[in-house]
């Protein structure tokens, strides 16, 4: 018998016995084998060109995610059998940004080498985490293809400062961590990129789908042809979502918001489609700044990106039986 | 001659002699016969599982509604001849939620019995008001069909607490107030419902249109087939709108917001289509929380739901000549 | 050698040597010849029926505009060669609204007469500036056709007060500054206009496209037929954008927001299409109230309206070589 | 018997049978004799130099006031027998500020002439209403002394624009509506006034108490000596409260907030002391802008100013028996 | 050796090895003996007359408290040896307010009976929790004296609804849980209480210190005489802090804010003085609503109330050696 | 004759010919000799332990400052003859915090060496700028005494990270840039500092005045004795104001707000008293974060700190004749 029947842990929320929430599947990692998706926070945003509170996003995304049901009513898929490891956050140095980026690299590569069945879901942080994260991913996974959802090319020069949230794909290309021909940028937006940088990615053979392309084609077609191309030339695929790819009305909490962006449902469909592919082995979400968001709307969108990634993986055959 | 030409009632707003506003049609009810639509507030939200200020929505929706013109420029329909009775609010008990719900039931059923030509527009409040409101409606109107616009099934078990804003359709089905086969749920959203509850509504023969269905079919088709089915088996139809069926970008002031929801224009079209049908005799709007809204955007959407209901009714032949 | 290498002007923002921003093209006007687009602020909103902070919009729109890149990645058009003159603001009288409106008229007409190659981009302020601005425009440019993007007809009677933000097109028509047959209103919204005013514009032969028309036709068709008609009967065309034509989710910072409005991308396409036409020689943006906006979202939309106007002009052959 | 026991007027708030609220004493004026205090709104703020929403203050102050109890527990004084007439608002012209100011003048003077027992409590609006209000007051009441609580002298020149919220006391002095020697300014703040204007009021013989004076003397002494002086030379006294006299921490909702201001309790004590004096026959509160306030804190302070005025009057012998 | 040197638990905050924080002393209760202060949450606010989010205060107060240092630099007292048990929250029923109140009563009395050395710090919730909490306290501790810091008497009649946040002291007096002569109310505010309720507490022999008393006496004197009186007639003393006793500028996050309130430093001094007394064995903090607060300022004040209580206790000889 | 009489520079604000504002005295520095006070921005806050937008404070403080009148009505002192040089901002590196701190050091020391009559007013930024700024100051000015207004000792160890906003005085003491006996800390607050750090400053002979000391003594006495001590042992004095020394109600925009802080008027009196002293040759203001402030209240307080510094200097004989 419970001695004090009404005492409960502080901040306990309502529980319905007939509802399984993602939060029920999430477990603090115990260091043992990781199967399937595991969350890891890279709460770095001192590397941003403009003031950014993206360092708080791992917390708000986890919170949003844990409140959703495990059940996709649209496709009759239930994730209730999953175990989602929460590996925690990579600790950041207070003042040394470069060291913080190195910690991301070292942690991701070491973890992936020791836990090859881990499908990392990296929660930024700003876009600068992409370079160390993919560098670590590549060392464990071989040649990497990247599907980048982003309003921006993010190939700024490093002479004017950085490595910052404007430079990750420059670093990846210059260091030959990835080849330009293995990079697909989706959602590149008008008046948000300079001509020299557009020329730069073209020169490197990057596949670029602008928002005009997204409006005129179906998302499924774009993903299909992207995967078809990448599966010939890479060992594994990493999906990078800069949340500012979404229209400002639907994702108001990104540092660089603007009109003319992608519809969230299109992104969800792209992600579940990609998740289904067995070569897609990593996901990151960056540039969510909860301090300027409205009612955590942008973190809720981020949570649905993860949910659709999980749905795709289960559709693709990943099981926990 | 007016003695003090510039003195006016406090808080008077600007009047344009060539504009008829809905507010000009609204009259505090005098207890006499009610023809057509009459507003009634059910400002209960202490019954919500999570903290909710939906109790303030009757005020903000009335205010938004009263500022709109009576004229539909899109269809050249003018409601300027209507009289919209405002029956006021059902008083709520400060601490006894069950009694508050009973007051809703008793008031709605007694009013409908004595004023059979009243078309109630019930302004919640949270979704818990749906059970007593429809129970009262049913006792006056016979077998009831329900068109429910909602992201959620709202059939939670009552063992874990309630009757709450999560349980109204469970109560309606368990008490056989309505039959599952006479319930249509539109806008049910991914990862916002559990599998057991989806199985529950399926078992009861509820018609369910998920957001995927909404995206793939035309709203008119869904409404047409829903009405066709209901008109065979019920005496009258009640339309229940949980505003969280709308996407969070367009209705940011609901307690349970999220991405991937319905477009407001689709809802308006559905409502005016339904309003046109003579068997549709009641409308409720719930789950608008003005305390977390942005610029009363969600109450403005709610007002347009009512406007489209009125437009449908006039299209359907309801006149005040 | 720079004596203090790290000292910079206060509030300097980050500069990337490979990015040309619109701000880099903007120059305080020196009184010399103006080629192409020049910005001018008409920060009047004491003329608004309801409380409005639209007087702050010239500042926020300039700021948003100056941060965007000059490059349209969607159409591979770079505006980097433009010079955008900033003529400054028209000073407003503190208490005399009529005089303020006259100052707009006098300044616009005098400037246009002396600088015939100037393509004015007038930054309101509220919609009352439209009457003096177009009146000035007309005196310099001959018969004027107007493409008005607006949720409202804006032809209120003047007996009930004004000239206000509700009366500009009434004044233009009554004073025969423009002919009704040379006015096209796009985006007129349900329940936001009275029948008498709709009858009024019909009587004057105004072309009206409601939001229903916008949803059912392509924007390009509407613009094509509008231009075809106007180019027969006018000497030059002025584009007036009341930002409340856009849906409240995408332009939350207008005084008279509501659901059921235009999609921003549709507006951008219309504007660039119009800008391409050589007879289109003026643009104004009104009814952006930054004091009730969220993260300057509405000013960002306004900036994209201007960007698309510039893109259209360049597509139409305007060059700075 | 009440037919529908739970139906109540919309927006009814909780009633406790043992609590008399100020709202219970407030009555819409029926045109009959006014005894004692009567509220009148002068919701003008288009006359402000900077953007101001002070036009909304009559509404928020009334709302705050009506919620307070009638009972002063500190002095065991109950106002429960009062009748507080609400005369409504003076209608403002949409665009003609000067006419709006004239309406205030005409309405106040005519009302006071016909209702000599009325003690006006004028709810601004901005400080520009002070000139027409006192001008009207003077015509009915003879030579006027003014106790002005304000951070600013408000004697700006009119060449640079106006009459605005910066000029009322300039107008009063220049038109000889009041004599400088009959004006007492309390709370004048450092670095918020220019030397020329300080010299101007000195030249006119105005009594000036800066915040330093307020900090160093007791408020009671300042009031005592002010009244002693005025009662020799005037027929009646008008108290003008610009709420920005209060420190920004306690009255954050004034347009011109700043640190180093008066403590609200000191103001309350001054007001009740003044109210007690039989020659004090009018009160105004200006420069409360609810659109920039936090939780109507400043309107709550304004309500307490009125409450203390009423308390003073009752202490002074005004009764309703 | 740590395998992944940079991995840390999610949401870990910065740690300085030379700083002991209260959070370092807080431990989730293991059911064993409780020495000294233990926190318990009573997150009930559905019992409030007006809409209240006070149910969230246990969370925000705990968070604010845990971030403060253990060291009082003003008195050179370090609490670093304390262990502060966190007993968690008392679970609330979703819809049955009376049952929720009973759960508070039952949990507090049972805990106190079994853990007599526990000094409860009860975190509300609204003021309705005071009745069940003190009732439970009394059953374990004998005759109770109460020091109540409050702007309001809180003795509303129960006929008009409740038990609510307006009735707790009525219930305590009517049920003779406490005697009126053993109740001291400090900070009772002008125009915030009705005469009948003031008469009621006088009739019961309650000691009342209004804000005028607080301004005119020293807080120490008031506390001294209060304790002197209570120590003669009671077995133990309970301190109840309704945070709205503080001025609205310093505690803006209470439902019933207003000007003319207590200075926070005066309250802190009172609390540490009371804490020092061995008969003071319980503390509660109620009416903090984080949903309407600014930057958790009111929860920070609440945390300092607890800190001063701890300081007083240590000064009074409570040690953990 | 002005060709376009109503055209003015964008964003021009209202000008009154009889008011001299501080903004009228401020001039962008031309590199020539600096007499008296000159502003310099050190907009660094990536060095903060917790997320901070203090990098925006130079902008908001300049803006607040420029709007105030030059005239102290309290002391009849007019600063209208001053010239206040604005030296601009020290450019910060995007990602290299240490280099940013070095830039502050190098710029301050080089400027002071070349412009010995410059009285620097350094606008932070967070408190980490104090170390490089005072280090630069010292190299030009000899032995430095520091008056630090702060709630915190700011002597954190550097092993746990930094140099951060928690470590500046540790760095100053450890590097012997200043002697502990030449440091006076005023406003140190309860439960906001650890015992080890309090012991540390005691060990170094720092003079510490806690808030209890401030409440019990007069500010003038504390300043008098501080200056008396410092003038014996140093060559020049630097005043450092961490705005969190002020109570959270009056300075709500600091990262580390809390109750129990200093009154702003006390700080102003201290600053003008210090400014009067000829050895006081530098001032800095840090830890104002405009992104979490309310209506720039904290920047307004900062502006008054500077105004009082100027007033003191003029009182002390600094003239511009």
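Some observations on this one:
Order of writing sets the chain letters: A, B, C, D, E and F. Residues in each chain are counted from 1.
Assume a residue touches a chain if its C-beta (ideal position, glycine included) is under 8 Å from a C-beta of that chain, and two chains touch if they have at least 3 such contacts.
Note that this is a predicted model, so its numbers are computed, not measured.
Shared contact partners of chain A and chain C, listed by label: B, F. The fewest steps needed to get from chain C to chain E, moving only between touching chains, is 2.
Ranked by distance of CA centroids from chain B, the top chain is F. Copies chain D and chain E of the same sequence differ by a rotation of 120 degrees once their CA atoms are superposed, given in steps of 5. At the interface between chain A and chain E, over half of the residue numbers appear on both sides, which makes the contact a same-residue one. Ranking C-D and B-D by contacting C-beta pairs places B-D first. Separation between the centroids of chain B and chain C, computed from CA atoms only, is 38 Å.
Annotation for chain D: residues 14, 49, 94, 161, 249, 294 touch two or more other chains. Across the whole structure, chains are in contact as follows: A-B, A-C, A-E, A-F, B-C, B-D, B-E, C-D, C-F, D-E, D-F, E-F. For chain F in complex with chain D, the touching residues are 14-20, 22, 68-76, 78, 80, 249-250, 264-265, 268, 294-295, 297, 300-301, 304, 307.
For chain B in complex with chain D, the touching residues are 3-4, 6-12, 14, 28, 31, 40-41, 58-59, 62, 86-91, 94, 103, 106-107, 110-111.
Residues 49-50, 156-157, 159-161, 166, 188-198, 208, 210-212, 215, 247-249, 252, 257-260, 292, 294 of chain A are the ones that touch chain C when the two sit in their complex. Against chain D, in their complex, chain C makes its touches with residues 46-47, 49, 51, 53, 55-56, 93-98, 161-164, 291.
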